[in-house]
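Heads up, the next two complexes both have subunit A, just with different partners, subunit B and then subunit C.
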Partner chain A sequence: MEEQLKIDFEKKLKDFSYSDQEKKFKETNFKEFLKNGFPNRKLENWKFSDLNQIIKNNIGELTFYNDYKKENQIDKIELISELEHNKIIIVDGKIEKIDFKFEDKDKIDVLVEQSEETIKENINSLINLNNAFSNKFCKIIIKKNYSLKKPLIIYHSTNKNTQSKNTNSRIDFKLEENACLRLIDIFKDNSEKNFLNIYYNFELDKSSILKNYKIDKAINNNVKYSYNNVKQEANSISETFILSSGSKFFKNEINCDLQGQHSSAFVNGIFDLDDENHHEIKSNINHLVENTKSYQLVKSVLEKKSKAVYQGKIFVSSEAQKTDGYQLSNAILLSENSEFNAKPELEIYADDVKCSHGSSSGSLDENSIFYLMSRGLNYKEAKKLLINGFLLDVIEKITDEEIKNLIKDLLGVKQ
Partner chain B sequence: MLKINNLSAKIENKSILQDFKLEINPGEVHAIMGPNGSGKSTLSNILSGKKGYDVTGEVLFENNDLFSLETEERAHKGIFLAFQYPLEIPGVNTNVFLKTSLNAIKKARGEKELDAIQFLKLVKEKAKELKFDEEKLGRQLNVGFSGGEKKKNEILQMSILNPKLSILDETDSGLDIDALKTVADGVNALRKKNNSFLIITHYQRLLEYIKPDFVHVLMNGKIIKSGGPELALELEKKGYENIN
Partner chain C sequence: MRDKQIEDLKDYKYGFSTDIENFKAPKGLNEDVIKFISNIKKEPKWLLEWRLKAFERLKVLKEPDWQKPKYPKIDYQDLYYYSAPKSFKDKPKSLDELDPKLLETYQKLGIPLNEQKRLNGIAVDAVFDSVSVATTFKETLTKQGIIFCSISEAVQKHPELVKKYLGTVIPLTDHFFATLNSAVFTDGSFVYIPPGVRCPMELSTYFRINASDTGQFERTLIIADKGSYVSYLEGCTAPMRDENQLHAANVELIALDDAEIKYSTVQNWYPGDKDGKGGIYNFVTKRGLCKGKNSKISWTQVETGSAITWKYPSCILKGDNSIGEFYSIAITNNHQKADTGTKMIHLGKNTKSKIISKGISAGFSDMTYRGLVDISPKATNSNNFTQCDSLLMGNKCGAHTVPYIKNKNSDSNIAHEATTSKISEEQLHYCQQRGLNPEEAVGLIVNGFCKEVLQQLPMEFAVEAQKLVGISLEGSVG
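Let's turn to the complex of A and B:
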């Protein structure tokens, strides 16, 4: 793999004339990745999902070079028709289109220069890989007091003939004071056996609101990793909802730094898994100042040999008095071979806090099934009604009604 | 309508019903009374298709072999069990559940399913008759309902589904006197030439409001005595130990 990486990285550097700063940034990240490689189970964060093995078993040898000069076809990508939206289309890691057609143009800036701050970051080896191989820098700024009129949908797609490739995409967002963004991620996989690595960096200024809904519903054989890095100033709110279902493997990692008072973070998720799919949600909620709040709810319905992992961490620094942190996970195992792993972590250094966690897993309640069947529903209908009921309270946590309905439609839980 | 011949039931080799016999004709109301552990709930479970019992013997419902029918098929044919302990189903709206249930049965019978407006009209009418709080219809099924509300909800389901044979498994337990009367009114409203009832109870109390045609005493998995409504009164006076 190392040889391939070096060849592909050389090729990439030749493609563009990078500034010295950019070049240094990419080279530093590349070296870090070469040193550490793909994460494996020796790392605590990856002990339930050994990505090195997962890539070997599902993809084999990867290549890393993507020709960003090539224009990808985007007219065949099926767009969401149920709701009006702005869009960004990413194909094989390359942003092909940015379209804010519903918005006031002077309220949104798209920057391509990289800021000093991001250059120093060293989060994990996959972010190093992303920084080394992703295309040009892109930062979207939502101006002060501006709420986008329509949601922004980011379509993540792969080309039909792309195979055994690693694709990397990164977008930075800044929500200025009192700005509001509703962001939906949708996956349109047109090819198999690729590793998609997606990195979002969010700066939430005072009183801004970010709602990010990640929808992985369509069945596909790709391996995916997504990292959201969210830094939150006073009174800001971040709401993340993850529907984790269709991909072969998907790990969603959410890092929230609550660094302004009265900021809050909500992370809710559904694992709806079948076959041998293996998905994970890893959250780090860092309560760094007084009076911050976090809430996490994850529900799983697991068929066949599927496996779900939820590692939820709540960190409370010694300054972060009056923290309110909560997390809960419930799983229904529909087969003896399905597996749910929960690792709740509370690391608390302040003494005046309210933090709790809980986790449960079990099978579908046979008495409830019997009750529903005695009212004329067949086994399949009874099971569906119970599962929908089980998932409904996570869906009800979605604060955007339009998007809530879209997700209810996708899951077939409309009542 | 219902013929039970030599029904025996075991659960993990423990015998619960032995050579049980009963025949219910259209329009009849039968009461089965018995002490705890006499096999009353087992009987209602077996009739409605609950798994986990080893059975021998024969049960015919309108000449269909009941044991060849799945739980939901029995419901389609018109058997209804009012549960002793109705289950709480989180996340499932009561109205949605009632409509799904009614339409599943209608569909199986080849009848026209009700649309939302027709259904709401029916359910409101029935809820009013049973003094069932309409607001509860919008809530999750039985979640946060009191014991009495859960039992009333069973009777509401019964009156909406309009079954041929209703089995009431200790529906009176946990009801105060007003709720008991409402439940009895609901049952009596359904009493017609062709609707039959099997009422399972500890006490004679419910039978003051729902007059049975026959009373049977169940002890140790067998009917030891059958008679008219007067048998219930005799039981109340003498207790199960001294009846013969």
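Let's turn to the complex of A and C:
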């Protein structure tokens, strides 16, 4: 793989005219990735999901070069019709279309970013890979006091003949004071056996609100990784909802720095897995100042040979008194071969805090099934009803009514 | 200045050392030292070979570094691996033959052997440095067929038992410190309870680390045969030393069909002074195997001492219907650090485990609960319940919870709960209103917080432990 990496990286540097600064940035990141490679289970963070192995088993040899000069066909992508929305379409890691047709153009800036000079934070090797191979990334700025009228949907898609490829995309968002953004990620896979690597940066200024809904519903054979890096100033709110279901492998990582007082972060997730799918949510909530709040709820329903992993960490620095941190994960294992792993972690250095976590996993409650069946439902119906109720708990946490209904439709859950 | 130093020394009640000339193996870790230890203990050939095999393995192993408390690198070549009081070369036949100075040390510690023998009805196998001083109450136990002696003695007298079970729970190829112990272990306790026997008394060992620079490498092996029961107590105090002393013990428990082992520890080794200087490194490997059906192993620990405590008493629930329990109180104050917890590995059907962990950190200390619950695909109908609560006193200390939960069986249930909080002002106010001073109030509340675990301790220990909880937190209020 190393050979392939070097060939592809050289080709990339040759084909695109990068400024010296960009070149340097890409090279440092590339070197860093070469040094560490794809993460494996020796790393604490990847203990339950050995990406190196997963790529080997599901994809085999990866190639890394993507021709960003070439136009991708986007009209074949099936768009969401139930909901009026702004859109960004990404195909093979390249942003093909940015369309804010419902919005006031003065209030939104879209910049094509220069690469940074140095790596600000060395997060992990996948981010290095992303920085080295991604196309120019864009930065979207929502101006002060502006609240988007319609949600923004980002479609992540692949070309029909893209196979065994690694695609990288990165978007930075800045929400200025009192701005509000509803962002939905939807995956439309047109080909198989690719590794999608998505990296988002969010800067939330005072009193801004971010709602990010990630929907991975369509069944596909791709391996995906997504990293959300959220920095929050005073009174800001971030809400992340993850529906993790369709892909072969998907790891969602959320890093949230609560660095302004009275900021809060919510992370909710559903694993609805079947076959041999293996999904993970890893959250890192860092309470860095006083009076911050976080809430996490993750529920899993696991069929056949599927495997779900939830690693949730709450970090409370010694300055962060009056922190309120809560974390709960429940899992229902429906098959003998399914597996649920959890690592709910607390790292606390302040004493005046309220932090707790809970985790449970087990089978469907036979008594409840009996109750429903004694009232005339068959086993299948009873099971479905119970699971619906179980998952509805998380869906009800979604604060946006429109999107809540959309997700309910997608999951086939009724009220 | 000098007065102040003396004053400081007084802080640690047990901070003294007896000046019995020590009989030591040469410094360093190599094959010759291992041969020396084996030779001096008159060990059979197979055991020496076993030790050397462990040493071979040790050469390729690396010290683990994933733990939370970091410590300065230990120079393993700069330690003595064997030291025994010189007057001990010929073992005494009875207590009367003991070195009076040694007996005096125990008096200061509050364990007068003779007294204890009569009053408490506990058989005490006292370990002074690395050699068993005396084993008492042997006769009563022998009558029932119970073997309770030092492991060196067991090697001589019951080689077939030792050979059969040694290293079956903690194999030679385990992690660095366990393997180090396998190569150089000096002494420890050996217990065998024959089938159907309920041990009539609590078996107990008091450890005491003496002689500076000596890492103590204890090895304990407890076997409960079919249908038997034993409760074993371990308690320790160590004299004050400036250099950090390494303690890497291995404890192996084996419970056969229908057997039950209860293992309780009160650990109060020297934690270092107020500035975090000195103190013991307590890197112990404790593991129990519920080998037979319906067997049960229960760990109870009260950890208040040591500069660094790093241990995970574990249960491997192999037999069907076996039960594993873990009750723990860990208290850290000043600059102490602890990374402790348990592993419950469910392999058999209908296995159950319960984990109750209470952590209290004060001063500049750091405390981590790290635990694993692993239910394998074959362990149908298994159950686990985990509760770990932490209490923080002050904002210079840390409390962390790192549970690993793996469920690979759909018929099994795992429930985990954890909370972190501080002592509420209302509670303190309530107690003080009724005439307690702040320190007493905190002591009372903390004791209440730990009650679930303290209840699990045998009577004699419960009292001592309750006092320890209070003493450990002295100076952390206000």
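Definition applied: the second predicted complex is superposed on the first by the 410 of 415 C-alpha atoms of A that agree within 3 Å, B and C clash if a C-alpha of one lies under 4 Å from a C-alpha of the other, contacts with A are read in each partner's own complex, and residues count from 1 in each chain.
In this section, a contact is a pair of C-beta atoms (placed from the backbone, for glycine too) under 8 Å apart; a residue touches a chain by one contact, two chains touch by 3 or more.
All of these numbers come straight from a predicted model, not from anything done at the bench.
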**OP:** Check the residue A:386 against both partner chains and state whether it touches subunit B (first), subunit C (second), both, or neither.
**Re:** first
Original post:
If you stack the two complexes on chain A, which partner ends up touching A:17: first (subunit B), second (subunit C), both, or neither?
Top reply: neither
Original post:
Given the touch rule stated above, what does A:354 touch, subunit B (first), subunit C (second), both, or neither?
Top reply: second
**OP:** Answer with first, second, both or neither: which of subunit B and subunit C does A:81 touch in the superposed model?
**Re:** neither
Subject >> subunit A residues touched - subunit C or subunit B, whichever exceeds >> reply: C
**OP:** Quick one: classify A:371 as touching subunit B (first), subunit C (second), both or neither.
**Re:** first
Subject >> Which of subunit B and subunit C A:161 touches, first, second, both or neither >> reply: neither
Original post:
Can you name the residues of subunit B that touch subunit A in the complex?
Top reply: 48-51, 70-72, 74-76, 80-81, 83, 86-87, 89-93, 96-97, 100-102, 104-105, 108, 140, 157, 161
Subject >> Interfacial residue positions of subunit C with respect to subunit A in the complex >> reply: 66, 377, 390, 392-422
Subject >> subunit B contact footprint on subunit A (complex, rising order) >> reply: 365-368, 370-379, 381-382, 385-386, 388-393, 415
Original post:
What does subunit A use to touch subunit C in their complex?
Top reply: 44, 318, 321, 331, 333-363
